[in-house]
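What follows are several structures.
Here come two complexes built around chain A, the first alongside chain B, the second alongside chain C.
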Partner chain A sequence: MIRLAWLILRKDLTVEVRSGEIAYTTLFFAVTCVLVFAFALVREGRPPEDGAAGILWIAIAFAGNLALGRAFERERQAETLRALLLAPTPRPAVYLGKLLGIVVLLAGTEAILVPLIALLFQAQLLAHPFWLSAILAAGTIGFAAVGTLFAAMLVRARSRDVLLPVLLYPITVPVIIAGVRGTAALLQPQFEGDIVRFWFALLIAFDAVFVTLSLWTFESVMTD
Partner chain B sequence: MSSTKPAPAPKEAVRASRRERGREHGSVTFDRVSVDDVSRHFGRRRAVSRVTFTVARGQILGLLGPNGAGKSTLLAMLGTLLRPTSGSIRFGALDVTTGSEALRALIGVLGHDLFLYPELTARENLTFFASLYGIADAPGVASGALERAALIDRADDLVSSFSRGMRQRVALERALIHQPRLVLLDEPFTGLDDASTAALVTRLKRLREEGAIVVLATHDLDLAEGLLDEAVFLRDGRMVHSMTRPDALRSTYRSVMTGQP
Partner chain C sequence: MPKWFLRAAVVCAVMFVLSPFVIANADYESTMGLVQKIFYYHMPSAWMFLVAGIVCGVASVRFLISGDPRHDRTAWAAAEMAVIFGVVTLVTGPLWARRAWGTYWVWDARTTSSLVQWMVAWAYLILRRYGGPGSDKLAAGLALFGVANVGFIYISVNYWRTIHPATTVVPKLPFTMGFPLWYCVASFTLLFVLLLKMRIRLEEQRATLDSLYLSLDEQH
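Presenting the complex of A and B:
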């Protein structure tokens, strides 16, 4: 299953490197979002306290929704999703490959967003790089785990662009809250290790539940 | 762009992979496909209603009917993409609902949409799908397929730069890359010029000679006329007629669909 997921991931990244479609639109949207917040909230060079954490996760959630929709739209246009489902592979491998592709794309966007937000909001986001990476990775996996399943489910729905955020955001509220609170704890002058670990553990628990549920249900969801 | 890389015994590589997969999935084989009283509903709409037929190895069966007759839904069920609402589809002794993964290794599908990634080259597409089917020497098998499609000179060009006929040839090789036992084709002649159509007909006849089971949904009665061993006529999801060794397809089709002689 890992080999097949890797095959699908490699194919998705090759397609993305050639077209740049998802990476550019996601990045453009996320950077615009951050700039709008910066113009609105930073007054006389003073950013709002703890605002950086919320804005980072809002940008990730919005950009993630965009990336999820486009990733499956691409598979729908040439009906290649059908070809993947017709192959004698465990269907969860298709899910895993698509999930990893979304995570890699979002990680690339986050690599640009973090220094940009740190600069515009004068936030010490890079003070604890290990914990920041851990929280971002766990949060991104949780968000993408739910999003990949819903995007695949909705791929044939006529109003999929509207339905995806309607379904995705309520379910991923715990991820976004844990991500915001965990990141905000990193920004405190005194490092609050217990609080960071608590939110990180919550994200890991969320990831475990939703990745397992998605792997379990993907076969039946995609067959009918 | 072109490549002169020879295809190293692609058939042997496919056979070796199939043996390997056979060990993984348990030995799955079949020499006939039986569709028995199959229906498929989408909500209250009946896309397919109580269809029954059997097709054996070395036969080409045609699903004939107007748009919305249920041909594509039937093909999707044969391809294990949809489950029947009622009735059963059996591949030899095996039911479609069991052993789907092993069955899919023996099914090749060429849809109206070609199932190719336009941003990948022809070689990358075929290598990707060969790997997905667990073929050991995927690049070698892909090269062999490109030679059969007479596209080896364009192997490293993006599929998006190909004409419809060239894409169709790549798509056919994609569908057959794992030497499937059951080949499902949905309107395969659409948009093809005469040369590509003739090549496809020749390929289908060769598949029949090799003992494959071919199920073909088509509107093109003239092409179907000399090709089919069995014909199933569908209208509004129902099977309204069937013929063995069909001839005079056009007049039969007219009388079956419109009630006019």
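Presenting the complex of A and C:
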């Protein structure tokens, strides 16, 4: 199953490397988001206190929604999703491959976003690189786990473009809360290890529960 | 409609008409006075809001496993109940909070998780309304995630900050305040059951009508 998931991931990445469609649009959109926040919130060169963590996660959530919608739209237009589902593979492997593709894409976006926000909002985001990447990774997996399932479910639904954010954001509220609070704790002058560890543990628990639920639900909602 | 429905509906109406008198006779709470009486409607509706969410989640899981449309109709009806009782809860809560906490809204564990649960119920209904064919299974998946989500939101905001009164005060209430509360809980529970039953029946009738149309088409 891992091998199949890897094959799907490699297929998605190959398509992406050749066209660059989702990566470029997502990245550009995320950067635009951050710039809008910078124009709205930075006054006379002074950024708002504690704003960087929130802006980072809003940008990830917005860009993630865009990438998720697009990732499945492409499969739908080319009718390749049906081929993927008809292939003699276990459904959870298809889900896992798609999930990994989204996570890789968002990780690339975050790699650009973090230094940009650190620069524009004068935040010490890179002070604890290990914890920052741990929280970003756990949060991105949680967000993408729910998002991949919903985007896949909505492929055949009417008005899927508007429905995806409507369904996705209420469910991912805990990821946003934990991500923002955990990142904000990293930005404090004194490192608050207990707080960071709590939010990280909550994100890991969320990931475990929602990935398990998604693997189970994917099978039954994609069958018809 | 079953025979008990009409009788129960009359009982429920009488109970709601009498409820202001029962509440008016309850003791005044020493610090908050009259405003505290909102609690007699707030807490029962909040409980029904929670029950509706649980019914929707359980029915959705059973629908995903069995594919039986009866569970799907129950889940849909329960989601609508969650939105209705959620409105009552979310309107009465801030009115009380304005007096008790000095502000209409506080991002505490219970208020935040209630609001998000209410939004998930809305998302469920939007999906059913605009999702087109096949949205029943998608909505069941959403309901499953919504139920799993409430715990996480609760833990996360609780760690962050909380000031909402705990439910442990309920068994300790004196009789003069406890009786009106349980009276209201009974009224709201009855209302919930009646509305749910009515809504499920409406969907059943629709399903019957659809199948009749289909069989008519086949004959021609």
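As a working rule, the second predicted complex is superposed on the first by the 224 of 224 C-alpha atoms of A that agree within 3 Å, B and C clash if a C-alpha of one lies under 4 Å from a C-alpha of the other, contacts with A are read in each partner's own complex, and residues count from 1 in each chain.
Keep this in mind: contacts are C-beta pairs under 8 Å (C-beta built on N, C-alpha and C of every residue); 3 or more make two chains touch, one makes a residue touch a chain.
Quantities reported herein were computed from a predicted structural model and do not represent experimental measurements.
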Three-chain arrangement built on chain A, chain B and chain C clash or fit: fit
Chain A residues touched by each partner, larger count belonging to chain B or chain C: C
A:Val173 touches, of chain B and chain C: first, second, both or neither? second
Partner chain in contact with A:Phe206 - chain B first, chain C second, else both or neither: second
Partner chain(s) touched by A:Val15 [first = chain B, second = chain C, both, neither]: first
Vertex chain A, arms to chain B and chain C (CA centres, degrees, nearest 10): 90
Which superposed partner A:Arg43 touches (first chain B, second chain C, both, neither): neither
First (chain B), second (chain C), both or neither touched by A:Ala78: first
After superposition on chain A, the shortest CA separation from chain B to chain C (Å): 5
Set intersection of chain A contacts, chain C complex versus chain B complex: 224
Contacting residues of chain C [partner chain A, same complex]: 64-65, 112, 116, 119-120, 123, 126-127, 130-135, 137-138, 140-142, 144-146, 148-149, 152-153, 155-157, 159-160
Sites on chain A touched by chain B in the complex: 4, 7, 11, 14-15, 18-19, 78-80, 82-90, 223-224
Residue ranges of chain B in contact with chain A within the complex: 21, 25, 79-83, 101-105, 107, 109, 111, 113-120, 124, 128-129, 131-134, 158, 174
Complex contacts: residues of chain A adjacent to chain C: 146, 149-150, 153-154, 156-159, 162-163, 166-167, 170-171, 173-174, 177-178, 181, 198, 202, 205-206, 209-210, 213, 217, 220-221, 224
